[in-house]
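Note that the chains take the letters A, B, C and D in the order they are written out, and that residue 1 is the start of every chain.
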Amino acid sequence: MQRKLRMGMIGGGKDAFIGAVHRLAANMDGLIELTAGALSVNPEVGYESGKMLFLPDNRIYKNYEEMLHAESKLPADEKIDFVTIVTPNFAHFAPAMLALDLGFNVVIEKPMTLTLEEAKQLDTKVKETGLTLCLTHTYSGYPMVKQAKQMISEGVLGEVRKIIVEYPQGWLSTLSEREGNAQAAWRTDPSKTGKSGSMGDIGTHAAHLAEYISGLKINKICADLSIVVPGRAIDDDGNVLLKFDNGSNGVLIASQVAAGEENALKIKIYGEKGGLEWHQMEPNTLIVKWLNQPAQIYRTGNGYIGSFAKHNTRTPGGHPEGYLEAFANIYRNFALTIDAKLNNQKPTDEMLDFPNTEDGIRGMAFIENVVNSSNSDQKWWDYKI
Amino acid sequence: MQRKLRMGMIGGGKDAFIGAVHRLAANMDGLIELTAGALSVNPEVGYESGKMLFLPDNRIYKNYEEMLHAESKLPADEKIDFVTIVTPNFAHFAPAMLALDLGFNVVIEKPMTLTLEEAKQLDTKVKETGLTLCLTHTYSGYPMVKQAKQMISEGVLGEVRKIIVEYPQGWLSTLSEREGNAQAAWRTDPSKTGKSGSMGDIGTHAAHLAEYISGLKINKICADLSIVVPGRAIDDDGNVLLKFDNGSNGVLIASQVAAGEENALKIKIYGEKGGLEWHQMEPNTLIVKWLNQPAQIYRTGNGYIGSFAKHNTRTPGGHPEGYLEAFANIYRNFALTIDAKLNNQKPTDEMLDFPNTEDGIRGMAFIENVVNSSNSDQKWWDYKI
Amino acid sequence: MQRKLRMGMIGGGKDAFIGAVHRLAANMDGLIELTAGALSVNPEVGYESGKMLFLPDNRIYKNYEEMLHAESKLPADEKIDFVTIVTPNFAHFAPAMLALDLGFNVVIEKPMTLTLEEAKQLDTKVKETGLTLCLTHTYSGYPMVKQAKQMISEGVLGEVRKIIVEYPQGWLSTLSEREGNAQAAWRTDPSKTGKSGSMGDIGTHAAHLAEYISGLKINKICADLSIVVPGRAIDDDGNVLLKFDNGSNGVLIASQVAAGEENALKIKIYGEKGGLEWHQMEPNTLIVKWLNQPAQIYRTGNGYIGSFAKHNTRTPGGHPEGYLEAFANIYRNFALTIDAKLNNQKPTDEMLDFPNTEDGIRGMAFIENVVNSSNSDQKWWDYKI
Amino acid sequence: MQRKLRMGMIGGGKDAFIGAVHRLAANMDGLIELTAGALSVNPEVGYESGKMLFLPDNRIYKNYEEMLHAESKLPADEKIDFVTIVTPNFAHFAPAMLALDLGFNVVIEKPMTLTLEEAKQLDTKVKETGLTLCLTHTYSGYPMVKQAKQMISEGVLGEVRKIIVEYPQGWLSTLSEREGNAQAAWRTDPSKTGKSGSMGDIGTHAAHLAEYISGLKINKICADLSIVVPGRAIDDDGNVLLKFDNGSNGVLIASQVAAGEENALKIKIYGEKGGLEWHQMEPNTLIVKWLNQPAQIYRTGNGYIGSFAKHNTRTPGGHPEGYLEAFANIYRNFALTIDAKLNNQKPTDEMLDFPNTEDGIRGMAFIENVVNSSNSDQKWWDYKI
């Protein structure tokens, strides 16, 4: 790269959780600089947040429309290269569409939109504009997730037969949305979070992980969503039986009321010859199990690791990378792709390996199908997209 | 106890897997001696097996009928106190009924019978005779399983909200029943194993464990059984959504084609205040998770452990007990109960804590309901017993 | 075997810890029966203990001399085949010598004697009599310990370069010998336990494990023993630098005041090509690490396991065996060896793989050398035997 | 902070390992910008490296002298605030002294200098100038290390009794310094790395960690350094017995030839009431063991965590932070301290919690004392500083 890319941020004011994570991830590799921001629906909070992030006054905007229009008129060597949208789910679509219309590439927090319909429109817009949209399904940024995907695609497990993915969290075990927890408040409000709570917030991650690693697509489900905590307005827990397009079966469990769990996303994939197991909370380890040989412990940063994991690792074996590095991998690959396109080069497969609108459509489809399946008395629900 | 109890074994000749396990478990505490045997359908194998076990010639029988009738005529201070039935599933019911009719207590390998109907008849017979029947759901014999049960019954987790129990094995990942594996042969033959393969062999253990620890009863299910290995005659894999009688939900996964897995039974139970996690392959540890406090690592053999776990532990903390000790706990409690009854004493709750015909009925009901649910297009299947 | 071997026990009355463990181990495989006992220095306790173990009155003896003399006069098909000595350390030597003199084989709890000199005399006596003596260094009975030994002897690690063995316990963190803890009382009394507390009780296990697995011999040490708990009469903690006879180095740590530890014996052995790691508290797993390949998880009961581990395993993979099974392996191999000798057959290498007087001498030498080294200002202490 | 701090880097050109790590750590929080660099002794490599890092031509310097003199003449709102020295050990002292003389704060990779004498001079210079020097002992930047320190300082373990710290790596298991491995080459060359290989490179980290967490100081040692790989010019392995200033004992093990190990730094500290265990490769977990209660699993990002760990954490529980975040904590605290001083404010205790010249002196003293002890026949070597 010749220069750092310039980022404008929509949402992510002080005290927001995921906005800060995006900045940490974007900062890490020194390829991106935060240049502009419309950081809050409250202009005062937005200004204060911008100052804390060392933005000059003239790059702190009152709202995203102002930012996008103003930045679009700046000279090419000043204006932002892309926007990052880290608002609650309901406020993803409009700024993303406007950004694309005005020629900006887009990073967007998952789930991509509030509805499947919006997701499809966004996909169409991306294809029309030729711009790049990156969806931050963080967990696919981990090197050992990429290692798992690469090993399966190379056939080391044979045909995939079964996938178990579980994502238990405990942070909504009480009615914290009524106790002043702002994160809980919007994430349990259907008007802001969408049709499902547990499945929108974390189930989509689990579904994405299963499809990303296995290379398969879910095509039938049988879902059971629950409101476990009395008084909550939206599901906080769900269990889903899965069928994949190669005929294999699976289970997806997502819960926000698994008391005592932190963020315990785990996946196990079994094939004809062996199985893989990965735990997000110990992300640098991938256990590979074999039918008649000892299981193996694959670890990031070692010489035997494949090209995709290697491209997404910064440190030698035993120097643990974590969630922020996984997130940074997505930003780095996005940045390298943008840079390649700016320079009329073809991005490598490794660079292009970040979630995009197709993943976003599948994520929204997952939410809608799971909700519909859960509401149905029919056992198997054919996936509709 | 005044003397060792005398055991007669039905099945379990040389090369049988589970018969050897029963003998190890019965031997361990020195409370039981193997006194007689009808160890094989093949009398030569039976005789040879008896000699290897140091049985005198006159206590090695050609078949179970011969043994039960002959033993019933021996003097009280010579004849066996109980029989252990370790034949394949289809050959549990008849010897158990005859043994009870002739006045012998019974230990029986799970699943208790071939059908639910047989299970009910056996239960009736036990109640009529006043004799004791013990069903060897091994995993409920582990001290930390009992600790989990005791903690939940004492309310430390509050109301139970969610149960995830998974039981992956990989030993049937190939069509080994066609390659001379005798264990695989009968366990995949519906005439010998019953209506379900994966659910009869291991799913019943998982269901028993969930109900045993939680104190809840499954009352609705949605099951998806599969024959994963082409050419197999019976399911080797299944995923089941669960509803319990307190309204909580759960998932049960049992697979014999999870390539690379050994015997990886795990259970997680979440309540209002925290959660419990137990892994059979590291059985001396129970992780107890809390909403706002550090998780705790409960370990067998420590002073802070409850009365049930304590009663079922032989060694101090850090001296691992395993599968055979869990099995031996069931035999020991059965023996202590028999002894108490022989001496007109009331067994303690700890002694009585072994699976019985009620568990056997629930196990057979589980199999039948899961098969019926799997065959149905209806989403939720009401448990029928 | 044609019949069970008959065991006479010296020590191990009710409430004794290690005597009960020996009985569980001897019982398990059904190859040994407890036939006689001199179970306590207190004849009343001895009698009561014998009755609890279902011994007939005429085989419950007042003391070991009475038992050994009486048994030696019984007919061959009645008298005991061997004695097991489970008294405190100071009371090992005399009964062992008498038993050998009267023609009985011997099992003896470690450390073998009170002094190195006694150990040498016992070794001489064993060689003179041609009888078999078995020393219960339990940890060498674990299958994965045997697997480690076999792999190293086959050269998979190349030359061994470094050994780290640590054995932390916490049970003597307070002055419990003054609070009525009988185990603590004799084990911290130099007249009963010998010259060292921590090294006699657990350091010898660690040293034996290191030499057993590696096939190397310690030949230089630098020891630092401490009395950590004020008021204690003997060391409760020690750290030792090691040199082995191939020039490699090592560290041995044994502590009884590592508060919060149970029985956390661990060993790591590094060679030119890789390393091995084994933890006693998760004994069915052996981690094998490689220079440029993923580490492997060797597990008991799998097909890829070597002949020694296989011979010492009762259950399939994933059915955990533990401390009692490791102990039972020592008894079983001892019994198979005795039986082979009784039948003028040559025991296999696998049968003979139990600790003997040579290990006992090395154990006592370890204690004496460590104490001498600790008392010396000289850095390296040449091992004297 | 009002603005980002400006960093000049000495060393760390392309292909250098630790320079890249420093940049990632400095970038992450958006508080520091790389403004200038003298990135290589080879000016061409330095220029190319500077361009890859987007430095303007006039801030890419040929050598550190040029950079420091030129920057010192720039206006206050342009010139760098501090330099980061990431050269091999022998090239730390001179640039650090010049930087301080010219008024720049300093970050310096460990070990601080080549000799203890240099360390003392640097400490004197820092005190004379009133500037801030930060030594990057990375591992003290981990939140759970800080949690351990805070818990011990608050007395939860009672008096500390024993410390076991081990740091096994395997990367020097072969003579890779002769095979073109540049990292191996300088780290095994005494003229560039200093008096000890294993102890300078990793033993100092282990010693720092032990003293940092426990609050104790090593005051006596007995060291055994080895050259394990034939042909190597400097020790690659060492074992050290420790005595601390409160009379407690310990063991420190550092090895670069522990084949198959990555970067497996672990520490266990035992006190009167319990113990702590932390593993660098799973850094978000701190196990706290208790005498008579279940062990606890402390985890980063939870509400029950102390002020120091909290200040050094960016993500909620279950979103793992790693090595780079630990490193970034050191940079952030250094930056916050510099900023506070620039604004005549008093840094908080949390901000000031990064290693400084006192740690640097102790690190160099550790190396020299260990080497001297290893060369001595005397058992205990009194620490000399």
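In this section, a contact is a pair of C-beta atoms (placed from the backbone, for glycine too) under 8 Å apart; a residue touches a chain by one contact, two chains touch by 3 or more.
If you're wondering where the values come from, they're calculated on a predicted model, not measured in any experiment.
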If you tally the C-beta contacts, which comes out ahead, A-C or A-D?
-> A-D
Which one of the chains is farthest from chain A, going by Cα centres?
-> C
Counting in whole Å, what is the centre-to-centre distance of chain A and chain C, each centre being its mean C-alpha position?
-> 55
If you average the Cα atoms of chain C and of chain D to get two centres, how far apart are those centres in Å?
-> 43
Please work out the Cα centroid separation of chain A and chain D, and write it as a whole number of Å.
-> 34
In chain D, which residues are in touch with two or more of the other chains?
-> 261, 288, 295, 299, 302
Residues of chain D that touch chain A when the two form their complex = 1-4, 17, 20-21, 23-24, 27-30, 34, 53-54, 169, 171, 261-264, 280-284, 299, 301-302, 314-325
Enumerate the contact residues on chain A facing chain C in the complex.
-> 287-288, 292-299, 302-304
In the complex formed with chain B, which residues of chain A make contact?
-> 157, 161-162, 164, 166, 168, 170, 173-174, 222, 224, 226, 228, 237, 239, 241, 249-251, 253, 255, 257-261, 268, 270-275, 288-291, 295, 376-380
